[in-house]
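Structures follow.
You will see chain A twice below: alongside chain B first, and alongside chain C after that.
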Partner chain A sequence: MRLVLKRLAAVPVVLLVLSTMVFAAIRLLPGSPATGLAAGGASGTATAADITANTEKINAALGLDKPLLSQYWSFLSDIVHLDLGSSFYGGNDITGLLGDTLPATIELTVAAMLIAVLIGMLTGILAALRRGTWIDTATRTIGTVSFSLPWFALGVLSIVVFGVWLRWLPVIGRLPNALDYHPLTNFVLLDAILQDRPELIWPWLEHLILPATTLALSMAGFITRIVRASVLEVLGDDFVRTARMKGLSPAAILRRHVLRNSSLPIVTVLGLQFGSLLGGSVITETVFSYPGVGNLLVNGILQRDYPIVQGAALAIALLFTLVNVFVDLLYLALDPRLRKA
Partner chain B sequence: MSETLLEIRGLTVEFDVPAGRLPAVAGVDLSLRRGEILALVGESGSGKSALSMSLVGLNRGPRAHIGGEVLFGGRDLVAADEKELRGVRGRDIAVVFQDALAALNPTQRVGDQVAEMIRTHRKVPKRQARERAVELLGEVGIGNPAQAARAYPHQLSGGMRQRVMIAIGLANDPAVLIADEPTTALDVTIQSQVLRLLKRLQADHGTAIVLITHDLGVVAEVADRVAVMYAGRIIESGTRDEVLFHPQHPYTMGLLSSVPRVDGPAVARLPAIAGSPLTGVARPKGCAFAPRCAFAHAACGDAIPQLQQRYGGQAHLDRCVLERSRETLAVTP
Partner chain C sequence: MSDSTTTSGLRTAFAARRLGRGPLAAGSWLVVVLFVVTAIVGPLLISADPTRNTADALLPLGATGHLFGTDDLGRDELARMLYGARPLLLVAFLSTALAAVLGIGIGMIAGYAGGKVEWVLMRLMDLALAFPSMLLIILIVSAWNPGVGSLVVGIGTALAPGLGRLARALAAREAGRDYVLAARLGGTRAPRILVQEVLPNMAGPMLAQVVMTLSVAAGFAAGLSYLGLGIQPPTPDWGYMVQAGQEFLYTAPRLVVLPAAATLIFVVACNFIGDDLRDALDPRGDR
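And now, the complex of A and B:
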């Protein structure tokens, strides 16, 4: 328990450090929001003088003419008041934008995680049990290859194959535009239950499958390797011999003794891998035009929309931290040796 | 008492190792009688565990080659398939392992681990198996069995864990209990408690126990019969008194001389056995102990001596070719 509390206590610190880094990094990028806005505002007909004049006006309006330190200070105090500001473009409230996009990203990453765990566990266990056979070699080779596939390439490939050639699945967005959906929680599955609209589920799943699988594959390859190693290690443990001594069947030994004990290192790795999964979701969301935080972040960066970049990065960091706290709790649930006082 | 329960004939256990094939057990004939405590002694690496694990196929695997016969209840356990063996393991023959902390599942409650042993072989409801587990924990001398049943292994002391292991072993009232160095990991007072427990259970349940140990003090305390192993073979066997008080083989004598004696007058000792046991792949043509034997002569290298009755009682066998009386041996400085 103490471990978890410690983790939770560290969350604000992590977020502070991270937001500071994002605050600095985005401002170090060449170009500024005002240049884009000033040129675009006059729909391309602006003269150089107009642009300079506009830029100054815009900078003043956005508060970008103030010294960095004071910008930083007001940024921090806004965060403390749970005010993430609003977009430089269109003035949308960031909290509102995150409320729309964060559920989408959570759906995507959790679905990817589930797919990855399912594939990774099955193949990892299979490889461990068939150690040294061609099944083992094949599984490990496929795992290694899928682990090293770049998300971008995989995403584009799956769009071409399943969306364009086979036309099996939609490749853009999260739900069909024509669909009559009035978000309540913005989690589609949850809304489908709360609003009693089961017809929402299939279109949602259909849109989720490709991006989630794309995102899952490389993680699955990684999990395969971890599961294989972990299962092999536990299979060599003395208590497995005790289970055999009891007369248990191999299936019962696997189910009751091996899986739980080999899940400990796997769970740790999942927490850490969730970070790279979030990184991958940024790319995957962009490739599939999926309206999540990653997409929001990329657009924010391209437009130098500082508040959006800051808000999206914070949301992603928060998600990562929460998942790891959850992983710690899971760890405690799985291993009684870690439960102390 | 003399009814044979388990008969081992020409048992061999070999492992594929990088250097070749390691003969861990190189032809063992041994029988276990109903209700007796048979001590299997020998230095570390002599093949005691390999022998006992192969009785129920616990060391079967792609790198293990097990030959010979283990006759039990009218069948040969070496030839039996895994499915058949699963019916024997834990029900007719159970094992108590040396390192109870490692041998117990760290993420399962102790009571459930005992109950699992029961439910593997008998169709009883979970609740009933749990209740029986608590009873068993009480029977092996655990103070508050209901509380202990809910504990995880790491929450118990070493002695308690070994008692749990014994409770698991006894859960189905097996005919044979193999205890592989059950007290090695424990401190001395706990050791003798656990031994007395085994002795009592053997008396109460009539369980035959194969007690593996390298501690002759343990043997003296509880064993009915003793078999001494060296380099994968039995080199001497007989009743406890025969082997401990009238040892025939120089190796047994050496083992006995290295037992510290706290009782009685200091006796003239044989030199403690010099050198280290044979554990490699290559084995000599003759007596495996000859290179370390203070009495070895040219004939010892010719052939492996037979295990046979020589100077002692009817069932007192040893594997040595030296023509001698014990007096000639005892004078060696």
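And now, the complex of A and C:
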């Protein structure tokens, strides 16, 4: 319990560090956001005088004309008050935008993790049980490849195959436009339960499969490798031999002993790779026009809408921190030895 | 030169003979070399201009005079594919080089110096590693103007800490060796020791890791130009071509499939040659 509290107490510190990095990245790097914004803007044509005038206006709006320390202070206090300003184009409230998009990203990344664990476990066990055969070699080779697959290429190719050629799955968005969906929590599954609308679930899953699998594959390779190694390691252990002698069926041995022992390294991979998964979600969401935070971030950058960029970056950093804390807590739950330490 | 340097040199020479064994590794080397050569020479062999719009929009594969057809603005797709390889390869190689210089430089200094210098440098690296790299790159690129330069700086910076950690570990190991001590006693200054003595002795495992980084860098480069944060149109670029082609998914899927498949093949091949190098240079490494 003390460890749990200690871990939770570290969250604000980590968040402070991450948000400081977002702050620094936007303000300290050469090239003021305002000049870029003023020059590019929506139209892309601006005279030198326009640019200077716009730069001042934008700097004032963002508070970039104030001293750095006071900027930093108001930046932090705004975050604490959940006031992230409003978008330059359209003037939407950023906290509201994040409330719409963050749940979509959480759904996508969680689904990707589940798929990755599923694929990784199945292939890892298969490779270990068929060690030394072509199945093992093929699984490991595919695992190696999957680390480096570029998400956008994988995404668009899966769109072409499953959406365009086979026409099995929808390839754009999160839910069909025709569907009458009034978000409550913005988590579709939760809303389907709360609003008693089971008909929402299938279209939602259908839209989730391709982007989540695209995202999952790079993580699955790591899990395959780990599961294979730990199955091989555990299979030779005494307690497995004992279990076998007790007459436990192979499936029960696998479930009770082998998988339980490999769950810890799997959780480690999930934690370590979550940052890269979030990075991948930025691209995957764009490929599938999926309305998540990554999509918001990219559109913000392309339109040079700095409050949006800042807000979306903060949201991603927050999600990243929370998942890492969750992974640490899961660790404690899975391994009793750690609780005593 | 000390004994250790000689054996390491021998090891590298032997390692080179172990490269490219097996069809996968050999094929991957072939693919990477082929892509690089095509990107450099390919555009010189054809006359079509990849940026010239014509009235012949969306001609199919194999159309007369346009082997790969044309895109929505009537531009020759073959020419665009050949020219479009250049930004990806350029960004991938340059950003890997930047990451290597930064990472190995900082890592070696940290590992060799030890103490407070090491502590500070390594905490900086931890900080960069704790931040999702894609987010770091996107923030750096968006603070400047999208383009090759900002992509190289962004990707190079984000990938440097990974190499830095390995460089620190290797340099710290070498720093305790007799030949380093001998050089120090002989009055050689630290920068010279690092470059002439330590660096050659960590080159093998470091090189393998750098090539692995190349495939990651290529993945990021392609992904970011897909998002529109790379080289700007009308200059052809595979990543951006995929994005632009998505509009014609149903009428001309080849506009998406060609550049996407090419990117995929290149990145995967880079990964395999990194793997192959690691097997050859660092046989004890994890496998």
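A few points about this structure:
To be clear about the criterion, the second predicted complex is superposed on the first by the 290 of 341 C-alpha atoms of A that agree within 3 Å, B and C clash if a C-alpha of one lies under 4 Å from a C-alpha of the other, contacts with A are read in each partner's own complex, and residues count from 1 in each chain.
Convention: a residue touches a chain if its C-beta (ideal position, glycine included) is under 8 Å from a C-beta of that chain, and two chains touch if they have at least 3 such contacts.
As the structure is a prediction and not an experimental result, all values here were calculated from the model.
Per the definitions stated earlier, placing chain B and chain C onto a shared chain A by superposition produces no clash, and the two fit side by side. Of the two partner chains, neither chain B nor chain C is touched by A:D50. In the superposed model, A:R260 makes contact with chain B only, not with chain C. By the touch criterion defined above, A:E206 lies against neither chain B nor chain C after alignment on the C-alpha atoms of chain A. Contacts of A:R337 after superposition on the shared chain: chain B is touched, whereas chain C is not.
Look at A:V17: by the touch rule set out above, it reaches chain C but stays clear of chain B. Contacts of A:D93 after superposition: neither chain B nor chain C is touched. Counted by residues of chain A touched, the larger count belongs to C, out of chain B and chain C.
Contact with chain B, but none with chain C, is seen for A:F239 once the two complexes are overlaid on the shared chain. Superposed on chain A, the gap between chain B and chain C at their nearest CA atoms measures out to 17 angstrom in whole units. No residue of chain A contacts both chain B in one complex and chain C in the other.
Those residues of chain A that touch chain B in the shared complex are 132, 237-239, 241-249, 252, 256-257, 260-261, 334-337.
Contacts from chain B toward chain A in the complex involve residues 56, 58, 62, 86-91, 94-95, 97, 99, 102-108, 116-117, 120-121, 152, 154, 168. Residues 14, 17-18, 21-22, 25-26, 29-31, 33, 36, 141, 144-145, 147-154, 156-157, 159-160, 163-165, 171, 275-276, 278-280, 282-283, 286-287, 297-298, 301-302, 309, 313, 316-317, 320 of chain A are the ones that touch chain C when the two sit in their complex.
Taken in their complex, chain C has these residues touching chain A: 24, 127, 130-136, 138-145, 215-216, 218-219, 222-223, 226-229, 239, 242-243, 246, 249-250, 253, 256-257, 260-261, 263-264, 267-268, 270-272, 275.
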